[in-house]
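Each of the next two complexes has chain A plus one more chain, namely chain B in the first and chain C in the second.
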Partner chain A sequence: MILGLLTPSAGSVKLFGLSPRAKAARAKLGYLPELSHLHPFLTAEETVLYYAGLSGMSRAAARKRTSELLAQVKLSAAAKRPVGGFSKGMARRVAIASALVAEPELLVLDEPTSGLDPIGTREVKELITDLASRGMTVLITSHQLFDMQDLCNRVAILSNGKIVGGGAVKDIVEKSADKRHALEDYFAGVV
Partner chain B sequence: MRWRTTLRASFDLEWRALVRGKALWASLAAVAFVHWLAPGLVRGDGTDAGVREMGIRLAAGGSFAVALLVTLAAGCGLFAREREMNRLGLTLVRPAHAFGVVTGRWLALSLFAGILLAFSGGLLLCRDAWSSTPCRHHFAPRLPSPMSVAMLQYDRYVADPNTLDVIRKAPKSAVLQHLAMKENERYEVARPGETLMWDFGTFPKNAVGVPVVAIRFAASYDMRLDVRGTFNFRTFGGDVSNKTQSVLEFPLASVATNAGERLSFVNRSPQNVMVRPRRDVELLLPADSFALNDLRAGVEMLSIAMFLAAFGMFLSSCLSKPVSLFTSLSLVAVALMAPGVVEQYPDTFDANFIDKTGLVMSRFVASLTDGLSNASPVANLSQDRCVEWSVALRALATNGLLLSAFLLAAAAALIRRKPR
Partner chain C sequence: MRRFWALARTAAVEVLSEPLTVILFLVATLAVHALPAFHYHQFGEAGRLARECGLSSLLVFGLFFAVPAASRAMGRELESGTAAAALARAVSRPLFFCAKTFGVSLVFVLFAAALVLATETSSYSCVKGAEFGRNAGVVNVWGPAFAAGVGFTAFAFVAAAFANRFRGWRFCLWACLLMALAQVAAAGVSFGLGGCTGAVWEKLPASGIVWSFAVLSVGCLVFVQMAAALATRLKEPGVNGCVALALASSFVWPVRALVPDVNAFWLADALTPAGGGVVSPGMPLLAGACLIVFWTVAGSWLLEGRDVG
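Right, the complex of A and B next:
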């Protein structure tokens, strides 16, 4: 609904004060789905350029931005290789670069570390931390609570379509006996 | 500006899919195979012209079928696959114009179909024996439309005591349809010594070249009889003899008298001869080269491929690939069969309920798909009938652009409604 892909059965969603389907709102949005099946015949560079084109960027600006992003996700060396031959972690990084191409103000990540090996998970987490440190708002939906405890400032626990708990991660950790599994314990407590 | 970048990005994506996914190369190979195979499959009527006609029909028709099937299949799978792979949402969250996304991909599919058809057209030109015959304009007699004739006949026909009760009680529309069909098949009879005349005022006044009469005489009981007679048209004329049931192509010669705008035939045979003016008589005039006709036929074929690509994309915007493909192939088959069904079963008077329903549906589909199913670029090309520029460009404008744009707009609206 935040992405404007589903229509709410009741209530409304506003994104930057606009309907999520408004082009102006979508222009400030980046999105990484849980399963990012990229077009296997495109190279990493072409994939990012494609999404840049959809975001209305001029070809020259798109090329410059693509090259920056591929460097940022450490894929410059693989820029000319088809993504069909990429590992899951590499494909995930291409998808993240695609989500970031239009310099969004809000980045929505759906299970960003799902299915990744430990090294891939660490790389994606570092990238998200880096983006957040640059001032980007990152909204993550995930079942990987351990990872979320590392990444997030605030959490909301959803159960059966309703927010049943949440707050600042720092507060949740402070109140927990087991600091290492604080978010998992909190989740088990409220659901 | 954003619309253009969206269009270009979508076009690039689809084009790369077609090229790198091997669809283009496999389809080109299939077209080349059809052209290689066609001459070996031809079972002509024993004449070189017959073998040539069948060869062109098989090669061009087979390639056209390949282009249509592949384009349709690609269109049907396009958004269905995107949705299945969870990529459609990724596209729609961008500030992109959905119509630009759809149109860019359709343009790539149209280019793909265009390349296949151009390749096929080029292969036809490589065969000297096929491509050396120029094409000809075909002119039909100027007659009122069958439906207007039917409307004039209606009152008298229904009042006629010989008309069957079942027809008299039928709805007016069904009777008119029946009369129009009869008018289409109406024979004119010339008794010995009598003259038949047809208005050919549409024939160009300053035509270069000698007009050729193409006519097929008939006799009762489909008997093959000798026909003799004299043709006259403007300042052309000539005596002919032929057998009934055969198509005669007779170049007229210059004569001293001017017979006016009507082509006349004086029957000098000892028996009656019959002609269906709407089917059996035409005037032909040399047009231009086979290559140009090939080009125009290609434009007409492309317009159909463009429409089918848009149709497939429209279906795939809301259905899965197998369902889209099945639906579109079924509809194409019905659209192709409908004119034949309507022609072979002209009336619904004696039919049972199921037959009647089938006929009503066939008529409905035939009327909807008239522009597509009546297009016969392959038959025209193989018979050296000139595909007129006006016909080719009208097909491109209506099937290729207007109807396709309507379907693409609908597809753009639907993909937003069903992104997952």
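Right, the complex of A and C next:
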């Protein structure tokens, strides 16, 4: 609904003060779907260029940004290979580069670490932390509570379409007896 | 416009990357170029067999490849989530629909243009071959036209294979593009050798061929647009069923002034103004254009009201 892809059955969503269907609102948004939905016949470079094109970037700017992003996600060496032959971790990194191509103000990540190996998970978490430290707002939906405890400042627990709990992660950890699994314990307590 | 081109280019590359596109391209162009060899089977008119083969190939490509490709391009994107990833950007749904169908249509037009050139070349060599025996001074271009048509097409195919092997270029895409260019070269060689002048050109059914291809192309593009529009809501078997029903119903449409004469035995006769039930040369094209606009609006509207994700 935040992305303007689904129509709410009740209530409304505002994105930067506008309807999520407004192009001006979605122009400031980056999105990483749960599964890395990519065109298998495009190369990594073409995929990022495609999303740069969808963001309305000029060809020269798109090429420069694509090159930077592929270096950032450590895929420069595989830039000319079709993404259909990529591993899940590599496809995830291409999808992240695609989400970041237009330098969004709000980045929506759906299960960013799902299906990744430990090294891939650590790389994605480092990237998210880096983006947040640069001032980008990152909204993550995830079932990996252990990872979320490391990454997030604030959490909201959703159950049956309603927010049943949440708050600052720091406060939740402080109140928990088991600091390492604080968010998991909190989740089990409210759901 | 950048967003439109990004979407359209990806849709066109997707269709051109399918091996079936190259096979149809290769078989259709080679068959049309080879047909003048059967010069005893002209059915009363030089080049008739080549024209029928060209038109039939276009019909087969349109109905059995371009229409399902349009349906897949839309349906697969919606199901796989690539449409959601695109629509989460500053891309409106009508733009997404129009660009996707434009990309598929572009490939169809490329195929049609290549076939028109191949058919014109083939038909020209047939006419010149028939005149050769009767009139002194006429150059028989059948041999060179055959060699140029088949040779250039085969060369384009092999060149794409080498470019893929040594430069990593996409084989299917480049084979199609180079084979289309090969038709331009073949036509240039054949018409050049035959000394094509205005007087000779008038004897050719050149304008008839272009007209027939234009009518048939617009007809196929209506179904391309229709399939894409239906694919925004229906699964692939449903879309194919609806297209088949629409095709079947076109035989009983009581608008003979607008649609080609489907009872004509020869496809070229059914499509040319003088051949069938067409009363005005522009009417089938106008009717087709209106239907394309209708299905574009309908498709955009259907996608606008659909939840994607």
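One rule holds in what follows: the second predicted complex is superposed on the first by the 191 of 191 C-alpha atoms of A that agree within 3 Å, B and C clash if a C-alpha of one lies under 4 Å from a C-alpha of the other, contacts with A are read in each partner's own complex, and residues count from 1 in each chain.
In the analysis below, contacts are C-beta pairs under 8 Å (C-beta built on N, C-alpha and C of every residue); 3 or more make two chains touch, one makes a residue touch a chain.
As the structure is a prediction and not an experimental result, all values here were calculated from the model.
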item	value
Contacts of A:37 with chain B and chain C, given as first, second, both or neither	both
Which superposed partner A:115 touches (first chain B, second chain C, both, neither)	neither
Which of chain B and chain C A:80 touches, first, second, both or neither	second
Partner chain(s) touched by A:56 [first = chain B, second = chain C, both, neither]	both
First, second, both or neither for A:27, with chain B first and chain C second	both
Interface residues of chain A shared between complexes with chain B and chain C	3-6, 23-24, 26-27, 29, 31, 33, 35, 37-39, 41-42, 49-58, 98, 102
Residues of chain C that touch chain A when the two form their complex	2-3, 5-7, 9-10, 13-14, 17, 80-82, 84-92, 168, 170, 307-309
Complex contacts: residues of chain A adjacent to chain C	3-7, 23-24, 26-27, 29, 31, 33, 35, 37-39, 41-42, 49-58, 80, 95, 98, 102, 108
Interfacial residue positions of chain A with respect to chain B in the complex	3-6, 21, 23-24, 26-27, 29, 31, 33-39, 41-42, 46, 49-59, 82, 98, 102
Chain B to chain A touching residues, read off their complex	1-2, 5-6, 8-10, 12-13, 16-17, 20-21, 85-87, 89-96, 101, 416, 419-420
